[in-house]
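Order as written gives the chain letters A, B, C and D; numbering starts at 1 within each chain.
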């Protein structure tokens, strides 16, 4: 295992440019994620983390470059096709269906995985997220931020993804909740799902991810293991304000 | 302008009450079917389907042809509904989906164009002459007498079907996965799409369902109303009034408003016959002034 | 006075336009151009005044033809009343014209005060509702309006200041002057600070309110002015057809006006005029070949809305602006090198 | 040939166009029929017909056009007028008065029509009336039954005529028949259900006025006024049920009448009251109503047995052989108008000058299958048609749909019409 790379690359992002209107946000971004591994995509606010995640999920359309999942090119495809190809996306601002109950939110997310597997059932989700089981009939809009974050992750899991994109799951939450989410992500990682975790906070990622990439002003400036990143003060000081 | 004596005389006899109440219900239920389609489509897709009356017309004509061919009215009604639904899906996919999110003006114009085209097509296919289906044999029965009033069996059937469809629509939207997805997509389509759901298909199906409701109304009206190109216009204006009074997006609201309008018409025809239309517009104006979201509407105020 | 200086150029253009219109009308020994242009004057005033609401203020009214019809009916009814013409004699026509404009203005104050507070869709619906209300009043009040048959028996037009509106040349010139005058009023309205306020409300009403604009009042003023101008269109059509008809208050008349705006272009001042001309010619030409005019016009609308996605003049304007920008960009590059 | 109106003749149009003063005008004229101006001699006599070819009334407009075309074909096959053929140019006004006015101007100014046959319904014919008055253009109204169009002196124009039924004639005829039936069956309490617009109100008032005149013991206990083209008549049907009258009068027409009959029969209305429907007798209405009730009194429209003559039968067969629509009341009225025009043209030697045509048409009597004793006359005093078939029949379920035609004598109509005119200050 060298430089956080795996021979078995499941998700590969090559040289993508993304524009919002006339302004260019991503400049030739490259990423590789190994099967079953967890990649932390780090960077300051506005560095391009969320845009990268949106591009992978198909919500932002790359103007050039390719995104492939297990060799299948998905760049520019509709979000639902990408989702059915096995990429589960958890957006940064949670976006629960506020007028629906918790259980309805989960039902909307339900679909078989790429190989037809239905590993994640309501029971398993309620097992993993006991708090959701208690609140299953409550309107999602009435839940706290942390509970909504749990719900969005659970909702995406109901679609049995191969790769889970988590966009700043700890943002704006109380420390104790952040901890709970951290341990949840570790649990998920142990089930074998591949995770891409966009974060500002490197320390949050330390115990969770193996690999790391750093993005700044739309350019990837670092790609290796998280341990290597921790050791590289030049990078962390310059790009992560630590 | 007001004939209170006639109104009082009517209110004091059970026969008149029964007659006017059933008459109000019948008028109201057909309006409700059309309006519930308008309100459903607006609630989810945020477009006003100004062409909804065309699907009412198409449903009536399909039902007419199916009845002429098969002689089975129930089958004909089904053909009317499904035919209008399919036309609705095509209209959504090919035309209206291109102006989603655009300003009202664009939506208005494509619908205006669609109305012109469909009216002319109907004229080419079925002719400009009015057609009449006639009462199907099953319903050629003398009217029931209830408390001195008259209630034709066909109208009982019509009201029953409308109520069932209304309840079914509410259940479809609130209880089924389809309805839950569609409602979620109405508020946040990209998120629903990111969960692997083909939102476009759901939108098209919903649009088709809304049009099928208009088609059913057309098919139910076909035995008693004469079929002409352009017949959708009148019911369109009235169903908009119902939609606005009930609250855009609310099916129960449309139901309530349709009954209010139906009764206004039937009671008005006794008490203030010349002012019936005026009264409908007046109710709509009052609702818009004092409760712009309608009787049961939620959503953005004003 | 300052208005004259500020709008010197526009006034000059208007004057030249008027001279050209009159030259066409009087110089050609055939009634058709006069008839054609007179009906265009009426339709274009309806469409242009509506565009003050739609294009400039962002108020999509679906009931503008009500004011058009009201103007025509007030004008026609006054002139048909022997008491009125008897009392005013030669002054009948101008007084009836003023009364039609003011009467429509007053009515539109009432309607506008209720409607302009509402947002887009509800505004459209309520204006439609009031229009259909007026329509049903016109149909039902047979004693006054003649119901569906409209104002019957012709409309007397007493000679005033040597102008005999029963003579088609006089009538044409009179209508042309009215038309150009109204266009000039709209031009001044939309290019003055008031016009900029309207556009600010269209683009961001909240921000306009923040900057101290009384949004409701400005919208109402615009609503009333545009309704009054629409009534002049109705007066012209009344003079032309020598009658007034309930169809003018029907919603399809508003729909047609909206399409004229869309067809010609809603971001160009004279766009609706072009729309009116194109629609009329289209209608006439199609009619010569087929009775299925609706299907053809429907397809044209689809093409304009889904294909061009804007009106003809908007298209030309965008194309021109793009070309200018490309030229500027090229110049900048050259300058940098 | 002195013209008071500055309207130009076709010969001038060419110069106009050549001047190229208005590019648009050039395009318009070139498309319309430039070649027509080029053949100066022996050019056809053009008859312009604004009518209704779309919407709920289209069937009537179509039968008008079919009928006019058929008569023109017969005339042309017989050699035309002085060697010139007749040619029909139609325009669809969509029943809008202002469109009709514009179309009429267009037919004269651009198509170069010499004669206008105004085949519009009431609303638009008043608009056309104003246009032809303004343009000093010879014109025959063929479909508007509203009495005031020709009876009211303020609408009368020297060069304008009417070749169709007039409401007041039918009202006198209907009143006489209804009064007879009312006396025989003891029908005292009457109700009316008619469309809420000028024609409906005027027609109903006139009918009931004459019923009361001839049977004074009758009274109108309720009136219900559906809107024109109203889809649902339930409220009107229940209003009649609540009132429980002995008899009902209706002047609903076309698709509205069909819908009303279908909806009313759900309530068994026609088993409870005697019904009079003046507009029921037209073929397209009779064939469209599925639950055709028997025993309804229907006014005279067009029927192959009314009058029951070989000429009428022959006309019907010829019409059916040459057209794809059914003949209507509007069909015979337009056929008659074309025959009047042809006859007048023969008198003027093919000259289409407005005043000459007006002089030739005023008081003109022609042979016609639609007239009493085989003739129709356009009366000199008010330029309106007389001597056509007026009366009521009774419906039966199957063909020929109506039987027992009870014809009203014109002498009676004249007497009552004169009184009516006096009452209204028309003479």
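Convention: a residue touches a chain if its C-beta (ideal position, glycine included) is under 8 Å from a C-beta of that chain, and two chains touch if they have at least 3 such contacts.
Please read these numbers as outputs of a predicted model, since none were measured by experiment.
J.: Using mean Cα positions as chain centres, tell me which chain lies farthest from chain C.
T.: A
J.: Need the central chain here, defined by C-alpha centroid distance to the all-chain C-alpha centroid.
T.: B
J.: Measuring from the mean C-alpha position of chain A to the mean C-alpha position of chain D, what distance in angstrom results?
T.: Spacing between the chain centres: roughly 77 Å.
J.: Taking each chain's centre as its mean C-alpha position, how far apart are chain B and chain D in Å?
T.: Each chain reduced to its C-alpha mean, chain B and chain D end up 36 Å apart.
J.: Averaged over CA atoms, how far is the centre of chain B from the centre of chain C? Could you give it in whole Å?
T.: Here the centre of chain C sits 34 Å away from the centre of chain B.
J.: Among the residues of chain B, which are close enough to touch at least two other chains?
T.: Correct list: 123, 274, 277.
J.: Please output the residue numbers of chain A that touch at least 2 other chains, ranges allowed.
T.: In chain A, no residue touches two or more other chains.
J.: Listing for chain C: what residues touch at least two other chains?
T.: Correct list: 140, 294.
J.: What pairs of chains are touching here?
T.: Listed in label order, the chain pairs in contact are A-B, B-C, B-D, C-D.
J.: For the complex, which residues does chain B have touching chain C?
T.: That would be residues 48, 95, 98-99, 103-106, 108-110, 112-117, 119-121, 123-124, 237, 240-241, 244, 248, 274, 277-278, 281-282, 284-285, 288-289, 292, 300, 302 of chain B.
J.: In their complex, what parts of chain D are in touch with chain C?
T.: 6-8, 12-13, 15-16, 19, 21-22, 24-25, 27-29, 31-32, 53-54, 91-92, 96-98, 101-102, 105-106, 109-110, 122-123, 126-127, 130-131, 133-134, 146, 148, 152, 154-155, 196-199, 201, 227-228
J.: What residues of chain C sit close enough to touch chain B in their complex?
T.: It is residues 54, 60, 62, 114, 117-122, 124-126, 128-130, 132-133, 136-137, 140, 251, 255, 258-259, 262, 266, 292, 294-295, 297-302, 304-306, 309 of chain C that touch chain B.
J.: Considering only the defined contacts, which chain B positions touch chain D in the complex?
T.: The touching residues are 10, 13, 15-16, 19-20, 22-24, 26-27, 30, 123, 128-135, 139-140, 142-143, 149-150, 152, 154-155, 221, 223-226, 228-231, 234-235, 265-266, 268-270, 273-274, 276-277.
J.: List the residues on chain B that touch chain A in their complex, please.
T.: 177, 180-181, 183-184, 187-188, 190-199
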